[in-house]
Structure formats: C-alpha cells, structure tokens
Amino acid sequence: MEYTASELLIINAARLLKDGDTVFVGVGSPNLACNLAMRTHAPSLLMIYEAGVVGSRPSRLPLSIGDPTLVSGAAAVTSMYEIFSLYLQRGNVDVAFLGGAQIDRYGNINATVIGSDYQHPKVRMPGSGGSMEIAGWANRCYVMTPHQKRRFPEKCDFITSAGFLGGRQQRLATGARGGGTQCVVTDLGLLEPDENGELVLTALHTGSTLEQARENTGWPLRSAPDLKHTDPPTERELRILREELDPQGTYR
Amino acid sequence: MTKLTTLQDAVARYVKDGDTVYAAGFTHMIPFAAGHEIIRQGRKDLTLARATPDLIYEMMVAAGCARKLIFSYVGNPGVGSLRIIREQLENGSLEWEEYSHFSMICRLQAGATGLPFMPMNQTAATDLEKANPQYRRVKDPYTGVEVVVVPPLKPDVAIVHVQRCDAEGNAQIWGIIGEQKEAAFAAEHVILTTEEIVDESVIRSDPNRTVIPAFIVDAVCHVPYASHPSYTQGYYDRDNAFYLEWDRITEDPARVKAYLDEWVYGVKDREAYWQKLPAETRERLQVKQRLAAPVDYGEY
Amino acid sequence: MTKLTTLQDAVARYVKDGDTVYAAGFTHMIPFAAGHEIIRQGRKDLTLARATPDLIYEMMVAAGCARKLIFSYVGNPGVGSLRIIREQLENGSLEWEEYSHFSMICRLQAGATGLPFMPMNQTAATDLEKANPQYRRVKDPYTGVEVVVVPPLKPDVAIVHVQRCDAEGNAQIWGIIGEQKEAAFAAEHVILTTEEIVDESVIRSDPNRTVIPAFIVDAVCHVPYASHPSYTQGYYDRDNAFYLEWDRITEDPARVKAYLDEWVYGVKDREAYWQKLPAETRERLQVKQRLAAPVDYGEY
Amino acid sequence: MEYTASELLIINAARLLKDGDTVFVGVGSPNLACNLAMRTHAPSLLMIYEAGVVGSRPSRLPLSIGDPTLVSGAAAVTSMYEIFSLYLQRGNVDVAFLGGAQIDRYGNINATVIGSDYQHPKVRMPGSGGSMEIAGWANRCYVMTPHQKRRFPEKCDFITSAGFLGGRQQRLATGARGGGTQCVVTDLGLLEPDENGELVLTALHTGSTLEQARENTGWPLRSAPDLKHTDPPTERELRILREELDPQGTYR
C-alpha cells in the first residue's frame, strides 16, 4: 500500500507508545500518533494537554492545543500551573512529543531563534511554550521531523529543550529528572541516543538507505551495530489514520 | 455592591497608558472584545503580558498599543507564526521578555500568592535562563541542589472573560481554566467580561465552581461573544477559520490596516461586531447543549 | 481499568506498619471508615500526618497504631482538646512534628508539585520555627529578604473520601476541598473511598469537577457513609453530637476502650457500623436536596 | 437591659468591624460578632473561613469551622493552600479574630504550650492552626478574652501568633505585612497598642474600673490619656444576638 512521508512518521511514532503510558500531547501529528496508538495496541493511553486537559476523547481533529473538543468528555480539567507542576514536574508524565526547527547531535532542540545572537535573531520562532519543562521532566521524549540537513545541525543555535546537552553526563549533572530525547522519527528512519547521548541511526524505513540519512544529517551520523528495518505501515494502521482520524487528509 | 459597567467605561477607568496588562485565557475565552476596546481608546506604551500573545496581542501590537511583550509562546496556535510580532521582534522595534509556559505561569503564581519568587526544578536547558536576567537561582537548604526561580508578575490590570458571574463579580468558569485565576489575584485591578450576568443565587448554588471572587473584581461588563475568534466553552465554538485567515491577512500590512479599520475602529462595540459577522459564521459557531451531571450541596 | 476493591483489601495491600499515612479532608469527608479498618487490621508504628488530627487520629492513637504525629492543630474543632493525644504529647509517649496550617499544607504542596521546598513569607512569629528544625530559610535573590521554607511531605499512602468517582478512580469532590488533591498527588499510593461509584460518563460530563485523576489512584472502595461522624456535603450532615460525646468518652480510658470494642473492633465494616447507629441518628443526619445550577459544556 | 460578659465581648467586637471588611472568621464568638456586624452597621462584610469558604451565609450556628452550612449558599469554595496564599498571604484579608490562653504586653498570643519547655509542656494546647499566618498577614487582628491575670502575662511562654514581639520596631523589622494586634476586647474594656506596640487600656465598659483592669493584668497596665467609655450594648444588638443569631443561648 502507498503512504506519504507524513503517514510514515505518524505510524512509527504511534508504535513507540506503550499501553498505559501517560502522554503529554501536542496538536497535529503527535495527536494523530496518540489516537492511532489508542485504537491499535495502546487502548489505555492517557492523553494530557498542556492546556490542562486530562484524558481527552476528541471527536474531531483539533486545530489548536486548546480546542473545546478536547474538553467535552474529558476526564479532568485543571489549571496550567497544576498541569505543569502536579503532573509534569511531579514526574507523572511518561511520554511527550517535541518539535523544533533544529535537533542536534545530542538530541537538543531549538524552537526559539535561528542565528547566534538571541537579541538579534535571523529568524524568530515561537519559543518554548511548554517544551522546556517537558523535555526536562518527561520520562521519554520523542521528536517527529523530516530528515533534512538544516534541521539536523551539529549543534543547535539555541537550546530551547534539553536533549543530552554535550553528552549524557552533562544532562545527568543538572539533576533534571526526565530521560531526555529517546527517539527521533524521520521519514528515513529512527535515531536513538547511544550510551553517550549521541543520536545514532538505529533503524531505516523500507526503501531508505544509510547514505541518504548521512547526507541529510549535519554531523557524521553513525549507525547502530544492529541497524534494523522498521515494518512498513500496515493496511490497518493506514485505514484507521485515513478513515477514522484524519478523514479530510489535513495531515497527509 | 454591583460593579456593572460598560466595557468602554471599564477600559477608560482601569487601563492607563504605560500599564502592564494581562488579558488572560489559554486559547479559551481570550478577551478579544476588551483588546479591541483598548485599541479603540488608543492606549499607548502598554506592556502586554500573556503566555500566548495570540491574535489579540498581535492586533494590539499592530495598532500601536504596545511598548513591550512578556510571553512564553509567540505563535498562532496550530497555524504558525504571528507575523507582525515576529517581525517586530526580529527588527528590534518591540521590547520583550521571554519565558517558558511554566515559568511564565510561575511568575503569575508568585504574584497571586504574594510571594517574592516561585521555585521550579531545573530543566537542563539554560539558554533562556542566560538570555533573561529575571531568572535566578536559589539553593535548596535541605539538599544543596539549585532550583530556578522567577519573580512575581503583578499586572496593573487583568482582563478575564467568563461564562457567568453575578453583578458583584463572583465569576464561574468551566472548560480550560488556564491562568485566569492566577492573573486575577496577581493584578492590581480586575476587569471581567461575561457571557451572562446571573443572579447571585445561581453562583451560590455551586460555590466550588467560582474561580474569581467578587472582592478582587473592579468592573463587571456584560459582553456576550466577547471572546470571538477564540471561544467560550458551551456558548460558541472557536473560529478556526479566522485563525487561518489571520495568517493570510498578516501577509500584507495593508490588509491588517483594513481589518482593524473595519472590525475594530469601524464598530462601536462587541454587539456591533457580532452582528456584523456573516450569518454563516455565527451559524457555524453555534454549539449543541451537553450538560454536566447534577450535584447536590444539600440544605444545611 | 477498574480499581474496585474492598476497603479491607485496599488497607491490607497499601498500608504497611511504619508507613506515613495522610488521611485527608479538612473537617469535611474525613475517611473514618479507613481509619477504623486500619485499627482493625492492627497496624503499628504509623506516622500519622494531618493538619487536624481530629477524632480519626485520636482513635488510631488510642488503638496503638501510631508512633508519631505530624499536625498543625491538635484540637477537637469547636469543642476543645483531643484528650488522649494531648496526654501523650504531654507525657512524651508519642513523637510529634508541629506546623501551622499553612506550613503543613505547603509541605503537601511541595510534595504534590515535585519541589524540594515551598517558600512562605515570614509571619514574625518564630518560636515554632525554632522548635521544629524542618523549617529553614532561603534568601530571596531579588530583594535579599528571607522567606521561610518547608520540605516536601510525601506520604506513603493518602486516603481520600469523595462524593463520587468512576471505577478507574477519576474522583469528584464538592464542598470544602481542604487538601485532598495535594495529599493525593504528594503520596506514593492513593486509596479512595467513595459515597457512589458512577459511570465514567457522569465524571466526563463535568471534567472541571474532577479533583483527583484516576492515574494516580491505586484502589477505589465503595463505602457509603465512610466519613461519619464527619460528613459528606450533600449526602449527610456532620454528627456534631458525636464530636461533643467524644469529649466525654475520652474523660475515661475505660469508655474509650469500650467505644473501640463496640464501634471499631465489634463491627465488620462500615455498612455494619452504619446499620448499628441508632435510627434517630441516621435520621438526624439526613440532608435535603439543594442542587447546583446546571452548566453546559457543549457538544464539540 | 441586662447582658452577660460574653454578650458584652461579642457586641464590642462587632463594633470594630467596618462595612466592606474582609474578615477571616473563627467559629464561636467571632462568628457571632461578624454576623451581628452584618446585620447592623456592616451589611457588606465578607466572611472567609480558613477551611476555604468565602462569603458564607450560614443558616445555623456552626459548631466547627468546617461545617456544611458554611458551604451551602457561599460565594466560593477554594482549597486550604489557596485560602492561605491567594487570600491571606497576598494581602486580601482586612480583619481576623485570634484566640489563645495567653496574650502578653505586646499583643503576642500563645495557643501552643504552657510552660517554658516546648518539648515537655505543662499544658499542651491545640497549637497554631491558621493563626500564625493570620497574625502575620491580616491587616488588623482582634482578640476577645475574659480579663484574667493568668491570661495576660507580661510575656507569653510561647509566641504562637505575633503581636509586636518586644515592641513595634521588632515586628516591623521582620517584614511581616500585617498590622498586628489592633484591639483586645475584654469584659472590662478595650486594650489597644500604643506607639511602641504595648497594650494600654483605651476604654472601659460601663461599671468597670481602671483598678479592676490593673488587678487582672500581668504587667503594669497603663491607660490611655483619653480613656474612653464604651457605649453599653443596645437593645437592638442584644435582640439580634439573642433572637436571630444564638436563639439557643449557646454563647451566652
């Protein structure tokens, strides 16, 4: 069956979720990945939104993270202070999806400014939102992104959300409780941190090659000794995604 | 004591040039009507504080009301960037102070609870902390570990839109409650806009639902549909189409000016604005009822 | 996933000898049924933490469950002293750690929010601070002023009684909400007792009412009347007569023993306890309905 | 008209309240004083209880501070954390009533232990409850107490709630925002702090004498240069108290 790059990302991200996980969800692709996981292998996934909504069951695709469909029928609604303190800082969040314009060799993420001078940015992006604390405190952070060289620099211009800083020990030394970036899902494959926190290619999607991945990465990308291949999207995954979750094809 | 007044009078009385304003509401119940009224009254040099500046502050920035922005996410949620604000940040024509959502909310929490600072655990990411000297550190006296702290944010005026309140200002909110309570308690003055003014017996039938108590409220303005293009849970839907449309409008400064001329300067108040919206839009934003299960407080 | 179980099993599984227990509820919904069950199961060496030990901890102390008390007001509210606890504090047979209400609640708040401490402004009164080395000070890095801090309290188990919850443990409370939420989030394990188990559709019809989310709950026990002689808002009244009666019972150790024998050891569970109460008492505690005004979340 | 000492205390305490005051109320006599003020000169008094209840309209006399009658028909209910932080610490409370076994020369209050050794008390009392912070942060604190020597020592055995410590400057130096003990209402008269924070007799009730007050005070009690006399309880005050507020005479 044919599928788009975007569908490939969403389906592989969904597979990273475990049943029973508490997930801090963003809108767009992460939302689809979570809903897909719930309808396949993780029926008791708990979805939490930084807007303060817990256990949402959206009946339509929300445009924003604060859509009313996330509230009607949810299990609980709480304040932003509480969602970030009682839920996230307390250590109650298993998984979060993060995004940014740059993801570097050690899984750090930049969603703030392009250019080396924060005060005079070349490009001003939206900034942290919830992601600085999410990256610090969630047990596992995942990133979904197209595999392009400009998105994978050796070093981020600005670290909005911490991966492993300059290496796993540096992050550990800060005492931040979360596990850091655990997987970056791209349209070519999966990148995961090695024992030093450096992102290495651990799996390729069907039809992608190590060379392609290397060409599109801003540092000398290493591959895991046991480089795997992901299973292609199944008919069932694609059907649920297209027919149930995104019938208008917004995220194709 | 009734605090009922018009939004015009409330803005005239409680929003001064140079003030720090917090128009509250995370995506939900953003007080657009008040933002438009501030534009119409020509306020200048405001410091506009909001976790997500959203379209409301972009309009106020475009209209020349702002000297400075305090924020934690300067995007059009789910759509992309806030083009006008982004450009002013890039070219240095707007001052700013930047936080993460949590540290922004912690500033309000410190303001609301009367504390000189609020602590947060370290996040491992320190670039923002380095860029913003308002972040400081304090050593935990039990373990020696450092926590990150932020100082209180105490706006001169908080503007909060609510579903219902009584004439005194006891206000009830449901749906996403964001940072409305914290903003109201942190601020010197509080302006409420409300979908409905109800008898105090309605409020007092469900005291746990009251998010803002009357005694911290200065003005109560009955302004139905005050949050469009944002939404009011149970009253009308978010106008996602307009959020997408704004992204196109801001591609061209002339269109932004035309928009403000027609939809802000060109209308007298929110009622005129709502009536001016196409009937299809108003129809599209209607919501079917879905009631909460009853609860019994008991007669004691 | 259902977490329905009996209170016997929940106490057997989650309350161990030597644990720190927080039985939550400020005057309202004090989980007496769970306290009695802990006594019946003969737990020892517990550290009992509660802002107001109230009759529930006095009974547990009298039954020999406690090694230590953490508290902020050790009286029989509105009546006088808790005679048994008072005597044990005076003669040194019970360890204790004492706070003010706010600093006690701040300890829970720090535990619930995952912080190493919570700051409070100075009160000018320092004798308690001198008497309890858990109080420390931290200097505000903005002004140099000192704030008083307390460390997190993270009970091994929190016990919370609620009006209604679903089988997973999404729990809704109204009336006085005291420190239930903070205790639940601070604790390692959470046992709920509830007046009613409702379908999740009831909970989900009003998500803003949910105080404790299911995913932090370990056990859900359907125990109507679990809070007598305390009360459950909308379900039954506080048994003020019993609070006064307890003041007389505790004048005589023999009467205390007789009370525990008859009303705790002598009954199998809460249902047996409730049925054993005189019909006049049950009648007297009945409450007439007073419903909250409806709210509409809208179908989106 | 005849009246009891207790009625005299309640009525004089009620008169200290101003219309529009936000009052942190305790049960018992303070509750009656507030309700009396509401029904006479201060109809828009706002009553707040440390249990988290705001704007109560109790339809019966509550035995405890957490009675359900305080909740049904109230304007708002919030958590204990919030009532002490958003309301009290933020500076939103005008008036509070405090009680204790000892009130000393500088208006400090002891509700914790009698005896000089905290660890081995002669008498163990309930302790602070909300009063440590109330005394620190409310604008005006009032005390109602019978005028007895053992209740008015030169110096408290333990300061549960701060008055002016050893003098007004000492309190000011701590930075505590509240105004401290502003009046002690006894069955003999009113004590108020002078410029140094020392309690002096500022008014006598009808029939009481300065000598009586001095005999029943543990320090050399001074009287204000303009020593006043309180107006005796009016018929209306007594009628409201007896017929509307405490028909069973619980607090006679």
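Chains: A, B, C and D, in written order; residue numbering restarts at 1 for each.
Operating definition for what follows: contacts are C-beta pairs under 8 Å (C-beta built on N, C-alpha and C of every residue); 3 or more make two chains touch, one makes a residue touch a chain.
Note that this is a predicted model, so its numbers are computed, not measured.
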item: Reference subunit A; chain at largest CA-centroid distance; value: D
item: Whole-Å gap separating subunit C and subunit D, where each centre is the average of the chain's CA atoms; value: 28
item: Between subunit D and subunit A, distance of the C-alpha-averaged centres to the nearest whole Å; value: 57
item: Separation of mean Cα positions, subunit C and subunit B [Å, integer]; value: 37
item: Shared-contact residues (touching 2 or more other chains) in subunit D; value: 53, 67-68, 71-72, 77, 85, 89, 137, 177
item: Of all residues in subunit B, the ones touching two or more other chains; value: 114-115, 120-121, 145, 174-175, 177, 181, 205, 208, 233, 237, 287, 290, 297-300
item: Pairs of chains found to touch, sorted by chain label; value: A-B, A-C, B-C, B-D, C-D
item: Subunit A partner contacts - residues on subunit B that touch it in the complex; value: 26-28, 51-52, 71-75, 77-79, 81-82, 86, 89-90, 92, 98-103, 105-106, 108-109, 120-128, 131, 145, 174-179, 181-182, 231, 233, 237-238, 240, 243-244, 287, 290
item: Residues of subunit B touching subunit D in the complex; value: 1, 112-115, 170, 181, 185, 200, 203-205, 207-208, 210, 213-216, 297-300
item: Residues of subunit B defined as touching subunit C within the complex; value: 114-121, 136-143, 145, 147, 149, 151, 163, 172-175, 177, 198, 202, 205-206, 208-209, 233-235, 237, 287-300
item: Complex interface listing, subunit A residues touching subunit C; value: 22, 44, 46, 53-55, 57, 59-60, 67-69, 71-77, 85-86, 89-92, 137, 177
item: Touching residues (chain side subunit D, partner subunit C) in the complex; value: 27-28, 50-53, 62-68, 71-72, 77-81, 84-85, 88-89, 108, 112, 118-133, 135-137, 158-162, 165, 171, 174-177, 180
